[in-house]
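The next part holds the structures, each set out as structure tokens.
What follows is a pair of complexes built around chain A, which joins chain B in one and chain C in the other.
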Partner chain A sequence: MDWLADAARSLNEATGITLTYLYDGYDGGRFLEGIVNTVLLSLACLSASLVIGVVGAFARGAKSAAVRWLVGGYTELFRNTPPLVQMYFLFFGVGALLPTVQNRWGFEEPMLGAWAWAIISLSFFAGAFNVEIFRSGIEAVPRATVEAAESLGYTRLQIYLHVVLPLAFRVCLPALNNNLVNLVKTTTLAYAIAVPELLYMSNQIWSDSLNVPEMMVTLLLLYVGLVGVLVWAMHRWEQAMRIPGFGRSAA
Partner chain B sequence: MRVTVATAAIALAAATLGPAGAASADVLADVKERGVLRVGVKADYRPYGFLNAEGEIVGIEPDLAQDVADDLGVELEMIPVVSSNRMQFLEQGRIDLMIATMTDTEERRKVVRIVDPNYYSSGTNVLARKQVGLKEWSDLEGAPVCGIQGAFYNRKTEEEFGAEIVAFTGTAEALTALEQNRCVAFVYDDAFIVSRLGEAAYADFEMPLDTIDDAPWGLAVALGEDAFADYMSEAIKGWHGSGRILALEDEYGVPHTPFSVKMHETYRTGG
Partner chain C sequence: MSAGRTGEVVVSLRDVRKSFGDVEVLRGVSFDVRRGEVVCVIGPSGSGKSTLIRCVNGLAKVNGGSITVMGREVNDPRLDVLALRRSVGMVFQQYNLFPHRTALQNVMMAQVTVLKRPKAEAERVARALIAKVKLEGKEDAYPGELSGGQQQRVAIARSLAMNPEVMLFDEVTAALDPETVKEVLNTIRQLAADGMTCILVTHEMGFAREVADHIYFTDRGVIVEHGPPASFFAEASDPRTREFLGQIL
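Take a look at the complex of A and B:
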């Protein structure tokens, strides 16, 4: 990669375009760490929000009114408040009320750190939308299909897992795509509670090197790439799961 | 007839000079004519410039501004500025003088006329609980240290002293994280830390390390205002020589900074 560093250095000398992360070892290290952290944060939140969506949508159809009310309340709360406010609220507000643990320096520190709260708050945020997205898919499954499964002796959970969810998934994939793309972009908010993701690291680099425009362009391209990979993977998944004759209008 | 000729001459001069004439006008003369000196000061930087319980701007810098106004024999009008707009206020002529905790840098000297000598100075230090018992910067090795995003000393604190910087967007968030023990120390401007240590909430905290990266503060006038700059230069020398800065530090409970002591020595013997 030396040639790349040399090229970036000559570019800087010739044009004043400063891409320090290509030739300054320290900047390069933290930039890479930022990318890795953003990917990890995204993967963790994607998985957790999907689980929340699946479980939440199931619970929305529960017999118990209390459970339905609880899930409804959760969806409204997290869908109707800004994700940055949620993150601050959870990290500084709720975080301080939880039990503390003693750290290396002998001080009582809140048990959950910035990483944990970022994953929790982002997953809850995206999860609230996922619940609604899955619900829309579930409602699109014909009543007759569910009745057929019931007459075969399936329990409610079995029907959900083996009949309703597989069909619902295929219906709601486009909407799910949108929400997951949004989630990857929203991980940048974690910089506010000092999770060293891509935006956080870039902010520090442009503050040190005063190369704001260069870092902005870099960030933009990187997120286009990251989201591009996700969209590509989701499309492949959509293709692979396609059932001939289902979910497409007759043409 | 004489009056008419004179009026015509003035009108002609004004027309020829136009805005250029206005720009090169002496701001000192303007201030005296107006009877008001407009000074840009901080209103959120205790004790250098802050709001008291009555909502008035007070502090070390407002007191210095008052000295200038008194010496000129005019009224003082203080205009609150923040770091991101203070130089623009001066450039646009909305203030005549800026005394607003501004670090003196080469880049800034291209935009405004920073007056020599510097009137104050601050550097980097940390705020930490007394129980931590920090003695040297190297004690921060491997420790989570709260900071402010974009501060230039974050990198140094990480690279040279091995700390793990946990940077937040503002001082309130960073201080809350420090109080919740999410980090061992808070690295920031020593002048800010000193001001916080004066508050009861920080009784268990200290500023234990030697200040590094000491950087001078400059007060500024608009570019081209040479007469006013010379006037302010003499005023600053006077503040240092007479011990005015040291007295203000005492008044606002700031320990004497090495810079103020040194400048007092220099200008007392020199003047």
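Take a look at the complex of A and C:
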């Protein structure tokens, strides 16, 4: 990658465009760390929010009114409040109420750090939408198909896992796609509680190297790329799950 | 009940009542089905035929009376409804196959998930049943790639894989083309010949006459008349039966 560093350096000398992360080892390291952390944060929140969606949508159909009410309350709360407010509420509000633990230098510190709260708040945020998205998919599964499974002696959980969920997934993938794309973009909010993700690390770089416009363009293009990878993966998944004679291919 | 019906009673209905809101769909229906018998329920649309057999496996809850299957009271709140459904096979008008699974998987799934059969055994059973309903070569086809008649035969194989004590057929040919009706009726005919206990709700009068041991005619939630096919079609005396048969035959 030396040629890239050389090219960036010459570009800087010729035009004044400063892409330090390509030739300055320190900036390069911070930049890479930011990318890796954004990817890790995204993957953690994607998986956790999917689990919340699947479990929450199942619980929405529970026999117990208390369980249904609880899930309904959760989705309303996290759908109808700004994600940044949620993150602050959890990090500064709930986080401060939790007991502290001693770190290895003997100092008291909060039980959960910024990373943990970022993952929790972003997963709760996207999970609330996923519950609703899965619910829409579940409602599209014909009652008759469920009755067929009931007639075969399936339990409610078995029907959910083997019949309803696989069909609901296929119906709601486009909506799910949208929400997951949104989630990856929303990981930038973790900046606000000092999680060293891409935006946070870029801020450090532009503060030191005074290359604000360059970093803005870089960030924009990088997120296009990151989200592009997700969209491509989701598209592949959608195609792999396509069934002959069902949904789109039936046309 | 006519004379000559012997054998163990598999399904028994006593004064079964069922309402949807203010509408009483079943107003006291009673009959017995014995092992190996084929019973056809016929009657005009809206007479409660489908509701009747949906009550037998607990898909619909009755409001009064009693239904027993192999001595189990379907109306009992402590009933193990899953165990009941394992012993009662049900085939629907719209087949209701699992569209995301192949024909073979459709016949295998419940064996593995519900009966906990090992996969290899479930597959052996499924392949044999698919051959029995004459669909060899279609094992890997998805329901969307099969004709209505083929799907319905897969649905029958799917139910048979659970080794039911009795099979319920809810107007299983009503959604099919005339040509494919025959395929499905042949499958049911073979089942009947094998000694499977069957309750059929049907509009296929010719088939009912040929295959049924006993025919029940329902209208407005009650059994108006019943008898073995020969006497039923020849001697039905109630004006409602005569009118229905006159329209349909």
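Methods note: the second predicted complex is superposed on the first by the 248 of 251 C-alpha atoms of A that agree within 3 Å, B and C clash if a C-alpha of one lies under 4 Å from a C-alpha of the other, contacts with A are read in each partner's own complex, and residues count from 1 in each chain.
Just so it is clear, a contact is a pair of C-beta atoms (placed from the backbone, for glycine too) under 8 Å apart; a residue touches a chain by one contact, two chains touch by 3 or more.
From a predicted model like this one, the values you see are computed outputs, not experimental measurements.
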**Q.** Partner chain in contact with A:P166 - chain B first, chain C second, else both or neither
**A.** second
Q | chain B versus chain C as contact partner of A:A144, first or second or both or neither | A | second
**Q.** Contacts of A:Q158 with chain B and chain C, given as first, second, both or neither
**A.** second
(Q) Looking at A:S207 after the superposition, I want to know if it touches chain B, chain C, both of them or none. Which is it: first, second, both, neither? (A) first
Q. Who does A:A96 touch here: chain B (first), chain C (second), both, or neither?
A. first
Q | First (chain B), second (chain C), both or neither touched by A:E109 | A | first
Q) In the complex formed with chain C, which residues of chain A make contact? A) 142, 144-145, 147-155, 158, 162-163, 166-167, 170, 243-246, 249-250
Q. So in the complex, which bits of chain A are touching chain B?
A. 26, 92, 95-96, 100, 103, 105-110, 113-114, 191-194, 200, 203-204, 207-208
(Q) For a test of understanding, state which residues of chain B touch chain A in their complex under the given definition. (A) 129, 131-132, 143, 146, 149-152, 154-155, 159, 166-169, 173, 176-177, 180-182, 184
Q: Give every residue of chain C touching chain A within the complex, in rising order.
A: 57, 59, 82-83, 85-86, 88-90, 92, 94, 96-100, 109-110, 113-114, 141-145, 155, 158-159, 162
